[in-house]
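The chains carry the letters A, B, C, D and E, assigned in the order they are written, with residues numbered from 1 in each.
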Amino acid sequence: MNTAEISTEFGDVDFPRLERSLRHPRTLFSILLSIGTGVATVIACVPLFSVLIMLVYRGGKKLSLALFTELPPTAFEEGGGFGNAIVGTIVIVSIAAAIAIPAGILTAVFLAEFGPQSKTASVARFCAKTLTGLPSILAGVFAYAAIVLATGGYSAPAGGVALALLMLPTVILTAEESMRMVPVKMKEAAIGMGCTPTQVAWKIVLPTALPGILTGVMLAVARAAGETAPLLFTALFSNYWIFEDGSSQVMEPTASLAVFIYNFSGMPFENQIEMAWAASLILVLMVLSINIVGQIISSRAKVS
Amino acid sequence: MDDSSVTAIDSYLAVLFLGDLMANATLSDLAESASISSPPSSMEIVKDRAFRGLTRGFAWLTVLVVFLVVFEVATKAMPAISAHGVSFLTSSTWDVQNEQFGVLPEIWGTLYSSLLALLIGGFFGVSIAIFLTQDFLPHQVEVAFKNIVELLAAIPSVVYGLWGIFVVIPMLRPFANWAHENLGWIPFFKTSLSGPGMLPAALVLSIMILPTVSAISRDALSNVPRKLKEAAFGLGATRWEAIIGVIVPTASTGIFGALVLGFGRALGETMALAMLVGNSNQMSISLFSPGNTLAALLANHFPEAGEREEPVLMYAALILLAITLLVNICGAFVLKHASARMRGGAK
Amino acid sequence: MIATPKVENDVLANGNGSLLLDCNIENLYYGNFRAVRDSHIPIHRGSITAFIGPSGCGKSSALRCLNRMNDLVRGFRFEGHVHFRGKDIYHSKVDPVAVRRYIGMVFQQPNPFAMSIYNNVAFGLRLNRYRGNIAEKVEKALRGAALWDEVKDKLKNSGLSLSGGQQQRLCIARAIATEPEVLLMDEPCSALDPIATRRIEDLMQELKENYTIAIVTHNLQQAKRVADRTAFMYVDTSGGGRTGYLVEFRDTDELFDSPQEDATKQYISGEFS
Amino acid sequence: MIATPKVENDVLANGNGSLLLDCNIENLYYGNFRAVRDSHIPIHRGSITAFIGPSGCGKSSALRCLNRMNDLVRGFRFEGHVHFRGKDIYHSKVDPVAVRRYIGMVFQQPNPFAMSIYNNVAFGLRLNRYRGNIAEKVEKALRGAALWDEVKDKLKNSGLSLSGGQQQRLCIARAIATEPEVLLMDEPCSALDPIATRRIEDLMQELKENYTIAIVTHNLQQAKRVADRTAFMYVDTSGGGRTGYLVEFRDTDELFDSPQEDATKQYISGEFS
Amino acid sequence: SSSSGGGSGSSGQNVKLQGSGASFPAPLYGRWFKEYSSATEGVKVDYQAKGSGGGIKDFIGHTVDFAASDAAMNDSEIAQVDDGVVLLPMTAGSIVLAYNLAELKKPLVLSRDAYTKIFLGQISKWNDAAIAATNEGVDLPDLPVTVVRRADSSGTTFVFTNHLSAVSKDFADGPGVGKSVNWPESDKFIAAPKNDGVTATIMQTPGAIGYVEFGFAEQAKLPMATLENAAGKFIEPTLENATAALAGVEMPEDLRAWLPDPTGEGAYPIVSYTWLLCYEKYEDSAKADALKSLVKWCLHQGQESSAEMGYIPLPESVVATVTEKLESIK
């Protein structure tokens, strides 16, 4: 019968061999690759755990409420905290996010929806990609020239602008990518119902692309929260609270966890170094919690 | 810069920009009273135009920002460009006293460390992305792993720098010494590892770009239509035959984009590199030799640069931007050809 | 063998309604590829017009001209005109968005939005700022699309969680919810079973009293059953290209009973018992 | 109203070939949702078996059990057995990949790969390390799928550049290129025009001589035309769920001419003229 | 003009002084300013260690109220400040050669010849004759010498190269004096940012030697080399020996006193003053007053904590001169 003919053609015996067998090179190959990627994934997690263990081990023992309520200690001083740096980080990163996220998403909407093939888009896309390679220090230098020198002093908004510059390309590019992934047929359906391009973007594309956009935003926020170099030129640091006695000193030098870690990890004093580790741990935990919140938002959005 | 000309999608957009409300009014006159349908109200049209104008404005804002940054850097670099010219690219001294400057070792170091990082980080990043999208693990575990990897992005570079010094270098040292002694004839192991150097820098760098690469390739992979995967499986492909033959090629533009983005990040990384690369004006193929990168040079010298050094540093920054630009141009070129091939428009 | 397009003048004159949508495609290009040529298809109010023909002959392309859906395709070029109530919808001043509010569409492949079933149907109502009872309209539309019983308990579930056939019916419900003046349907039943198909066909007959419907179908029986007039398109492979064109357009009964063109005869006789 | 499954014993005994694929679905779950229950469908060598039934009754689910395609769905659980040549393909030692190598599949929605037309068809051949003349096999498969004439000049173009119908025929070509022993087709013609459909049907008749085919279709005429045996599935909505089950499975002629169950009768009488 | 003063904004009484600059005295300043701020109602002093050069840049750019530097401003820098500059030595410190040779039990003893050669890249192994000569009976390892230097431009480098250039003509003609100099090129010369970067790299690299501020080496428990001074004596880097180095220095009118090679018998050879940079005129007189009282506090109460933290307290005479100079601030 023909079956036999085909079987020989494909180098197989008459009766089907259905059993999983390692002697099949294809099966073996598949299993080896699976193990390979699994191992690669686990290996890639090793550094993370190594860093995290280092953080937990070195920073964990300092954890206490005082870290959140007290000001940074000086040399040979015991105790102390970095409450002002936590508040400062939140303020600076919020300013940066308030600039970069809307700007980035709106740009991405243009790139993905309104004029994906236009010259404007290709120029803007190209610029966004160029920005990804912008050394963080240059973002600081730019914000220094544009804001610090113009306003006459180091300030939280200057830091926010510098960080926004670093967040912007990540937000733009990931948001664009995830908006492009929205199935064309879904957009077609909306257009076919007489949606204006804006309505298509708002009602279909943005909600559908939300999880991807959030991934990008989280990456950007995480990066911004950990950046030191640009803040040294813009927000500097402060050993005092940004909000105190009911007044705010937003236009003053502002503390941030990243600069705190940078300063204190380099001091020759035990207490300071431990503080730096504790601050790193707190910073990572803060980013983690933002991440979790983002994920909850995106999974909620998906259901409704 | 007028882009209303070429494509149909643009004319589709242009109609609203040019079209007057008259046309809509006539159509609405025609509307049957029975119909629920109503033409877009003038409010909707105004909103639509305003919003599209707004997004276009923001797109230009991005361009403007880059232009301003480049302008700022270029004007500040001008004195150095006229003073040092092309020799800046080919010489390798950095002597503030005698005003002799060259960044050849830094250019080499930037490319070398970033390529190494891309090689390592790219491999692991894409592997992770595959592992986390192709149903190897239960969904919850996938999400947990994804979060763990993205957490890597949250760690400040300074911490990476410290981790590199206190954990990575001591771990590498025995291996490096062994490689140098036994395999010293291989150019990569030519020198012994003193401490900071290319390999530790590239290793830490690759971990720093890992989240970017893996998160974006993950998105690209998970967006491959399920039906394609089913088609491959239906033909009797093993999981990996489907992944390699169909899924990865379909997601390849996204993955490539992730790699370019990761490479960009690696080129511009500052603090951790300044702590780990050794900051020495060396140009060596050896993995263990200390070196320097443009970003580390900037980080180390900029905060205290005097009048003489600042323009030179800006010149170096300009070169770094140019390298990034070049990488992106190459990336765009490759992508264009690859996706054209995939769409198969022409022969 | 290749017949020239032939539009019976009396169809224009003797339609059972006034001329609502006058489609005259001289040439339709995708980039350099001419997909359709010389097809004049006038569509009358309150009628159902079917487009039949072999795969790739440009039925979908022609249909998508009628509400300017093709504007979205890069490289698309259109020569000719489409008059909706005497106005050329391809006039440069016309807003394609407004056109599509009046001329709704159901696609070949189901394409529900990534939102709940209820919101999928309510989408168009909200878009058109409908002020009445939305829930009522949603139910009506879902019933009309023969989907109500299956989804009434899970209106909050995502539209994407339905089976293929259910998804397509959801899309039909979504399109008819706003009661557009003209409804374009590109093989709306190709993913449906006969019972659901029959319900959709009945629905078309109902809608036809107030609305005008154009449908692309592969199912000649379906064309016979529902359409008042049928346009038969075919592919002209002379000259190397594969350009679709209108062979014959006339009352359905006439077309099936006494086709005038050889191509039509052959195609129809290939019909299944 | 709801009939219990009824498998005619003589079908088992009197098939025109030996029992090749014995499918017995006791329960089929997606997560907590029971999609199919109690369906025993023995498939004989060299025959064409059709699955009919209303949308959502689990035809696709049942079909996809036959080559373990459902394994890819998260939350999928299967109770029962599927014997291929007497071996249970759900046995823990069986490699689903090997199963699919013998039991090919064509899907409801065309799903060509983002590669050239040629490579789409050659994909399966390369996968099986076919050593013969690949180009020849590709041509043969494309001819078989009634697509050769349309694409012979553009084999290097992407499979995605074809129209929906052409894409589906490409997918059929891809599946038959490796000449599997059993071919599962999930509404393969729902995107095709009658001529192409007829060619595919003819092809099925040809293939049937050497291969065994199971097809899901909405088109009762199609089932009548091509299938030797037909399984009618229906949905049991008692108890709140929507569980599909096998109502009747017998020779096609018998099923259409003298259905034994009320549900079958009703469904078939809804059939179109 | 400086707007970063808190005085400009809030309720009249409150004054905020913002400073930035050298990292070398930063731990001491941090402590002083915090103690002073908490002791003084309505005044807040803040300081950010970004390096001497950075401080001078800020000072010229008027983005701070005062700055600090290990290398006093030079004339061209001073010329760029319209409001005039007052340079005030606040404390002094020593720079040590820290190394990583786990095998050694006793502190390493280095002659002038040996350590200049090390930093000129002319000694490649620890068991080199030049080192062995001053370390008799010590079993020096056959390890390569890895030199760790500052990667950033820094006052510490300035003071150290200033000393080396004073000691060795080869060094003066080669790398020379500067906040960053052209060090020999070799894969055994590694640069690290800031004092702590150098300290950490030395700690992690067997066979490494580098120059860091005394406090960093001490806190990190790194061994420090005993160095030969101008008088030919081998001096350990202790506080007394460093204090002795300051003893013989004349303070010039502008208070820019350099000590490239102190001459005293028991003087540790590498020491330096570190300066506070203030404007001559402040727009806000409250700021000027606050700054003056701050400096006075540091010169008196403050000096008590200097020694405890590893810095050299100012000699009485210098305190008097500085106090006098302080009055020129308006």
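In this text, a contact is a pair of C-beta atoms (placed from the backbone, for glycine too) under 8 Å apart; a residue touches a chain by one contact, two chains touch by 3 or more.
Bear in mind that the values here come from a model prediction, so they are computed numbers and not experimental data.
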| item | value |
| --- | --- |
| Co-neighbours of subunit B and subunit A - touch as defined | C, D, E |
| Shortest walk length in steps over touching chains, subunit A through to subunit D | 1 |
| Higher-contact pair (C-beta pairs counted), A-C versus B-C | B-C |
| Separation of subunit B from subunit E, taking each centre as the mean of its C-alpha atoms, in whole Å | 40 |
| Approximate Å spacing (C-alpha centroids) for the pair subunit C, subunit D | 29 |
| Subunit B and subunit D, separation of their C-alpha mean positions in angstrom | 46 |
| Junction residues of subunit E, two or more chains touched | 50, 197 |
| Residue list for subunit B, restricted to those that touch at least two other chains | 7, 9, 16, 37, 39-40, 45, 48, 162, 166, 238-239, 241, 299, 303, 345 |
| In subunit C, residues with contacts to at least two other chains | 72, 74, 97-99, 101-102, 104, 109, 124, 128, 178 |
| Touch relationships between chains, expressed as pairs | A-B, A-C, A-D, A-E, B-C, B-D, B-E, C-D |
| Complex contacts: residues of subunit D adjacent to subunit C | 52-56, 60, 108-109, 150, 163-166, 169, 187, 190-198, 218-221, 225, 242, 267, 270-273 |
| Residues of subunit A defined as touching subunit D within the complex | 1-3, 6, 9-11, 15-21, 24, 26-27, 30 |
| In the complex, subunit B residues that touch subunit A | 1-3, 6-7, 9-10, 13, 16, 37, 39-40, 44-45, 47-48, 51-52, 54-56, 58-63, 65-69, 72-73, 123-125, 127-128, 130-132, 136, 143, 145, 147-160, 162-163, 166-167, 207, 210-212, 214-216, 219-220, 223, 238-241, 254, 257, 260-261, 263-265, 267-271, 294-295, 298-299, 302-303, 317, 320-321, 323-325, 327-328, 331-332 |
| Of subunit B, residues touching subunit C in the complex | 7-9, 11-12, 15-16, 18-20, 22-24, 26-28, 30-32, 34-41, 45, 48, 345 |
| Touching residues on subunit A, where the partner in the complex is subunit C | 117, 183, 185-186, 188-197, 199, 203-204, 207-208, 302-304 |
